Amino acid sequence: MSGTRQHRAKPQDPAVAEAAHRRELLREMLRIRRFEERCVELYSAAKIRGFLHLYIGEEAVAVGTCRALTPDDSIVATYREHGHALARGVGMDSLMAEMYAKVTGCSRGRGGSMHIFDTERRFYGGNAIVGGGLPLAVGMALADKMRGIDRVTACFFGDGAVAEGEFHECMNLAALWDLPILFCCENNRYAMGTALERAQVETDLAARAGSYHMVSWAVDGMDVIAVEQAARRAAEAVRVGGGPHFLELRTYRFRAHSMYDPDRYRDKAEIERWKERDPIVTLTAQLKQDGDLTDHDLEVFEKEITAEIAHAIDTADAADTEPVEDLTKFVYSPRQT
Amino acid sequence: MAEFLMPSLGADMDSGTLLEWLIKPGDEVHKGDIVAVVDTAKAAVEVECFESGVFGSILVEPGTTVPVGTPLAVITPGPAAAPEAPAMPAPALAAGPPPPAPAAGPPAPSPAPPKVPATPPIRHLARQLGVDISKLHGTGPDGTVTHADVEAAAAAMRRRPRVSPFARRLAAELGVDLTAVSGTGTDGAVRADDVRRAAATAKAPPAEVAPGPAERPAAPPAAVIPQPSVRPEAGAEADQAAERQAAMRRAIGNLMARSKREIPHYYLSTTIDLETITQWLRRRNRELPVPSRIVPAALLLKAAALAAREVPQMNGFWLDDHFVPAGHVHLGVAISLRDAGMVAPAIHEADTLTIADLMARLRDLVTRARTGRLRGSEMTDPTITVTNLGDRGVETVFGVIYPPQVALAGFGKVTSAPYAGDGLLGVRSQVTATLAADHRASDGYTGARYLEAISRLLQKPEEL
Amino acid sequence: MNASTATSGTRKTVQGTRSHQAHDSADTGAKPVSYREAMRAALREALIKDDRVFIMGEDIGRYGGCYAVTLGLLEEFGPERIRDTPLSESAFVGTGIGAALAGMRPIVEIMTVNFSLLALDQIMNNAATMLHMSGGQLNVPLVIRMTTGAGRQVAAQHSHSLEGWYAHIPGLRIVAPATIEDARGMLWTALQDPDPVLIFEHALLYNASGPLSPDAGPVDIDTAAIRRPGTDVSLITYGGTLPKTLAAADELAADGIAAEVVDLRTLRPLDDATILASVRRTHRAVIVDEGWRSGSLSAEVSARITEQAFYDLDAPVERVCTAEVPIPYAWQLEEAALPQPATIAAAARKAVG
C-alpha cells in the first residue's frame, strides 16, 4: 500500500520547537476551528447561504503550510478555503461579510464561501470547480519564472482533483517547464462521497507525483509541526529554483462534505478514530505535557477568539449589501475611450 | 354598333380622364353596369353604360384625357337579357360576335369560361380586392355573385390584414387606406411598395401614367451612396397630391365664376324655430342605438326636399333661356372633401325617403364622396342643392348656385337664442335658413314661399 | 488527433477564399499580403513592443503553427516566449489565465475551436468570471486565438463554428476578423483590453490575400463595418462567410437589388447601432451565420432587430445558417450544409419580394 515514507517532525528543529511558536500554531488552529463551528450555527440560521464546506479537522494543513510562505508568495485554494484564508491573514471581518453577502466582503458579496479572493494577501480563491485552480497556479508560477521573480505559488487541492485530467496536465506542465509551484494535495480520503480507494487504483498520491519526476513527500496532516516542517523545506526548495514540489497532506475532515451532506458514506467508527488525532487536541495535550501551555492560556485564547468572531458577525450584520444597480459592474472593465 | 362616350359629369366638365376600365372587350354588359372609372379633376367617378350588349374594342387607353362626348369604346348591342347563365361551363362568347383584337389590352380575348356567375364589374371588383371569386357562393339570382358577396369576402380577409410594419407606418404617413391596398407579399401581405403604388395611383395627375415598380427615379436618399435602384421618396408623392389639389380648386373656381357670371342671384334669409325639432329628436334618439340616431341635418334636408316639391319653381334647370322643372327632387348635398375641395352629389328622390333612409343615404354618400367612389348619375342629377355649414360654426351661409340648377338652400348652425313669442320671453333652438335663387327662374315672392315652406315643415317633425 | 495544416492541398476551389479587394496596390504603396501574414505581423509587433507578451499553444514553435501563422516566431523570439505546449488544452489555457492574473500578457493559441471544448471550463468558469466573482479585484487580460469554421472536408469533429456559443458568455469579448486589415489590427487592441478577448480566425481566410498599407496598425474591436453600402436589403454576417456574402451581393446587383453588407467584426458585444442603422435604411435583413441555426448568434441578431427596428421592417428577418447536421466529409454534402452565395442571394430575394 504505502510506498512512501512518511515525513516526521524532528523535535530538535529550532524553528518549530520553540514553545511560543507552538502556542501560536495552536491558537491559529483554534481560531479556525471556532470560526468554522460558528459558521455551522450561522448557516443553520440562514445567515450564510449557498454551499458551506467546513475545514474542521484539517486545520493543521492550512496553518502549517501558510507558515512556510512569505507575503510575496501566492496561494490558490479550493472551495474549502476558510482555513487557508484565515491562516493567510485574510481579515475575519472581510471573510464573514463575504459569507453574509455584504459589499464589505472581500469579493463584495459576489462570491460567498467558495470564492474568497484577496489580492493584497495574494490569495487567489476560492475555486468551485474541482481541479479548476491548478492551471491558474501553474500560470502564476510561469509568470514568476518568466519575470525572474523568486517566489512560490502554493496550490491547494484535494484527493478528488487527482482524478481530473487537469491535475495530470498541470503536474506534467509544471514539471516540464520547471515551474516554482508547490502542489499541496489535502488528502482527506473522500472526494465528496467517494472514498479514495473507490476512485483511484493507486492511492499513494505522493507516489503518483513521483511519476512526473517531481519531488514529493507524504506528510501527517494531523500534526501541525510535521506539516510546517515539510512545507518549509519544500517551499524553500521551490523558492531557490528547485522546481515544482508535491506534498500529500494526509488529513481528515470531521464533518460532512458540506452542510447539505448527510454523510452516509463514512463509517462512524472511522470518524471517531480520526478524531482521536484531532490536531488541536493532540497539540494541546503535547504542549501541556511539555509545560508550555496552561488552562489560563487556553481561556485567554478562547475569549479573544470569541470576541473576534462576535465582532466579525456584528460588523457583517450591520454592513450594507451591494446595490442592485451595480449588478453589471465588473463584467467588463470600464472602457478607456 | 353603339358607342360608349366620355360622359358629362357636371356642368363645368369639358373633358375627363379615363382612369381605368372595369370590363374587357368581349365582356357582356347590361344597361346600368359600371364599366369604367373617370377622373373629373374633382373626383374619381364610376361611370355606367347605357346600352346592353357585348363590349367591343377599347378606343381610349387609361390615363388619357379626352373631351366630353369622345367615344371611348364600342358596344355591339345585344338583347337586354338577365345576367349570364349560371354555372354553365359554356364559352362566354356564345351570344355575340368574336371581339376585334384589342389595341393593347389583356391577352386572350376569349377568357376561360367563368366557373362562377358574376358580371364583369363584380369580377373586376373581386380582382381588385384580392378575392378569389371562384371560391364564393353567389347569393344573387341563380347563384350570381353579388357586390355584397365580394365585399363580404374581402372584409373577411381584411379582418386580419397582413401588413408589414414598415408598410403600415408608410401608409399612415402617406394617408393611404390600407383596407383598399392589395398586397404582393407572401399570402397577400401588404408591403411598402404596395403602399407606395396605392398612394401614387390615388394621386396620379391627369394624362400621366402612375409610376410602376419598374421605374426608379435616381433621386438618392440622404447620407447613403447613390445607387441606381433607389425608390421614389415620399417627397415625389406629396408633389402629386399638391398638383391634384390645385386641379380641383381650378375646377371649382371655374364653376363658381361661371355661376356668378351667368346667374343673377338673389338672396333671402329667415330664422326658423327649431325647438320642437330639438325636443322631438331628443326623445326619439333616446330610444335608438347610437349608430341609428338621427342628426338634425337629416330633418333639415328632408324639409328642404319636401319644400322643393311644394314650390317647384325652385326644383329644376335653367336650360336654353327657360326653366325646365324637374320631375323628381334629387337633392344635391354639398360635401367637403379632405383636401379642401367639394362635391355636391344627389340623394335621389329625397322627398320620398324616410328619415332613416335619408340618414343612411347621406352617410353612404359622404363616405363615397370622400373615397372618390361617386357615381356619374349622382354627379349629374341634382335638381336643387343644400349646403349646411352648421357644424363649422357659421350661422348664415350665402351660397353660389350650381348651374344649371336654379336654387341653393343653406343652413347655418343650430343655436340657442332668446325668443319672444306669445307674449313670453324664453330661450329656444333656432337656425338661420337662406336661399340663393336664380332671378331668371323665380322672384323673391316665390323664394320666400320656399323658405316659409321649410319653416312650416320643420314644426311638424313627425310628418317629415 | 489534430488536423493537419490547411496549407497543404485542400479540395478544388475553396468557397470564399477569393479576395474582395481590387485596388491597384502601386498607388498606395500597399503590397498584397495574406490574412495569415497579416496575423503574423500583428503577433510580431506585439512580441516586439511588449515584453510581457508571449505565445503558448500546440505546435506553434517547432512545427511553425498548424496554419503557419506563427511560422518563424520561435527562431526570432526564442522558446521562452514561443512556448510549445503538450496536448493539455485545459492546463495551458488555465495557465494563460494565471499568467495574465500575475501580470503577463499571454496569447494562447488553441489550435481550433473544436479542441477549445476541453478548455471550456477554464474559459467560462475562470477567465470570464473572475472579475465579477472577485468583486472587481482580478482582471484577466488574456487573448485566446482560435481557428474556426468548416469547408475543407475535415468532417464533423473538426468543422465547428462555435463563436455564437462563446458570444453567449458575459465577461468575454469575442471578435472575428474577416479582412486583412482586421487580421493585422485587432490583436494589439485585444492585448490592451484588461478583459479576456477571444479572436476567431476562419480557416478559409488564411489564404485570402489583399493589399495592406505598410503602416496598417491597430483597429478598434468595438464596431461593425459596412463592407458594401446598399439600399435594398442588409446582409449581416461575420468572419469566414463575409466573402460568400459579398459574392451574393454581386449576384444580387446584377438583378438590380442593391444589397448592403454588414461585417459584425465584434460578436460580443454586438454593435447594435450599426446593425440597426443599416436595417432602418434598407427595411430588410438577412443574417448569414455559419453556426447551426437554432440558438445561433443569428437568432440573437434577429431578435435585436425585431426588438429595436420592428416598425422599419418590410419583411421578416431571414437567416442563412448551417444545416443542423454534424458537418459531413463528402464535399457535396458539406457544401449543401453550409451557407453559400446562392442561398444567401435567395434569402435576400425572398426578403426583397
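So that you can tell them apart, the chains are marked A, B and C in the order they are listed, and the count of residues begins at 1 in each.
Simple rule for what comes next: a contact is a pair of C-beta atoms (placed from the backbone, for glycine too) under 8 Å apart; a residue touches a chain by one contact, two chains touch by 3 or more.
The structure presented is a predicted model; accordingly, all values stated were derived computationally and were not measured.
Trainee: Sort out for me whether B-C or A-C is joined by the greater number of C-beta contact pairs.
Mentor: A-C
Trainee: Which one chain sits nearest the middle, judging by mean Cα positions?
Mentor: Answer by centroid distance: C.
Trainee: Determine the centre-to-centre distance between chain A and chain B, using the mean Cα coordinates as centres, and give it in whole Å.
Mentor: Their C-alpha centroids are separated by 93 Å.
Trainee: CA centre of chain A versus CA centre of chain C: separation in Å?
Mentor: Distance between chain centres: 42 Å.
Trainee: Go ahead and note the Å separation of the Cα centroids belonging to chain B and chain C.
Mentor: 64
Trainee: Would you please write down the residue numbers of chain A that are in contact with two or more other chains?
Mentor: Within chain A, no residue contacts more than one other chain.
Trainee: Can you tell me which positions in chain C touch chain A when the two form their complex?
Mentor: Interface residues on chain C, with respect to chain A: 54, 80, 83, 85-86, 88, 90-104, 106, 121-122, 125-126, 130-139, 170-171, 173, 192-195, 222.
Trainee: Show me the residue ranges of chain A that touch chain C in the complex, using the header's touch definition.
Mentor: 74, 76, 105-111, 115, 117-119, 124-125, 127-129, 132, 134-144, 146-147, 165-166, 169-170, 172-173, 176-177, 329-333, 335-336
Trainee: Where on chain B does chain C make contact in their complex?
Mentor: Where chain B meets chain C, its residues are 164-169, 184-186, 191-193, 221, 224-225, 227-230.
Trainee: Which of the residues in chain C end up touching chain B in this complex?
Mentor: 229-232, 256-258, 281, 283, 310-315, 353
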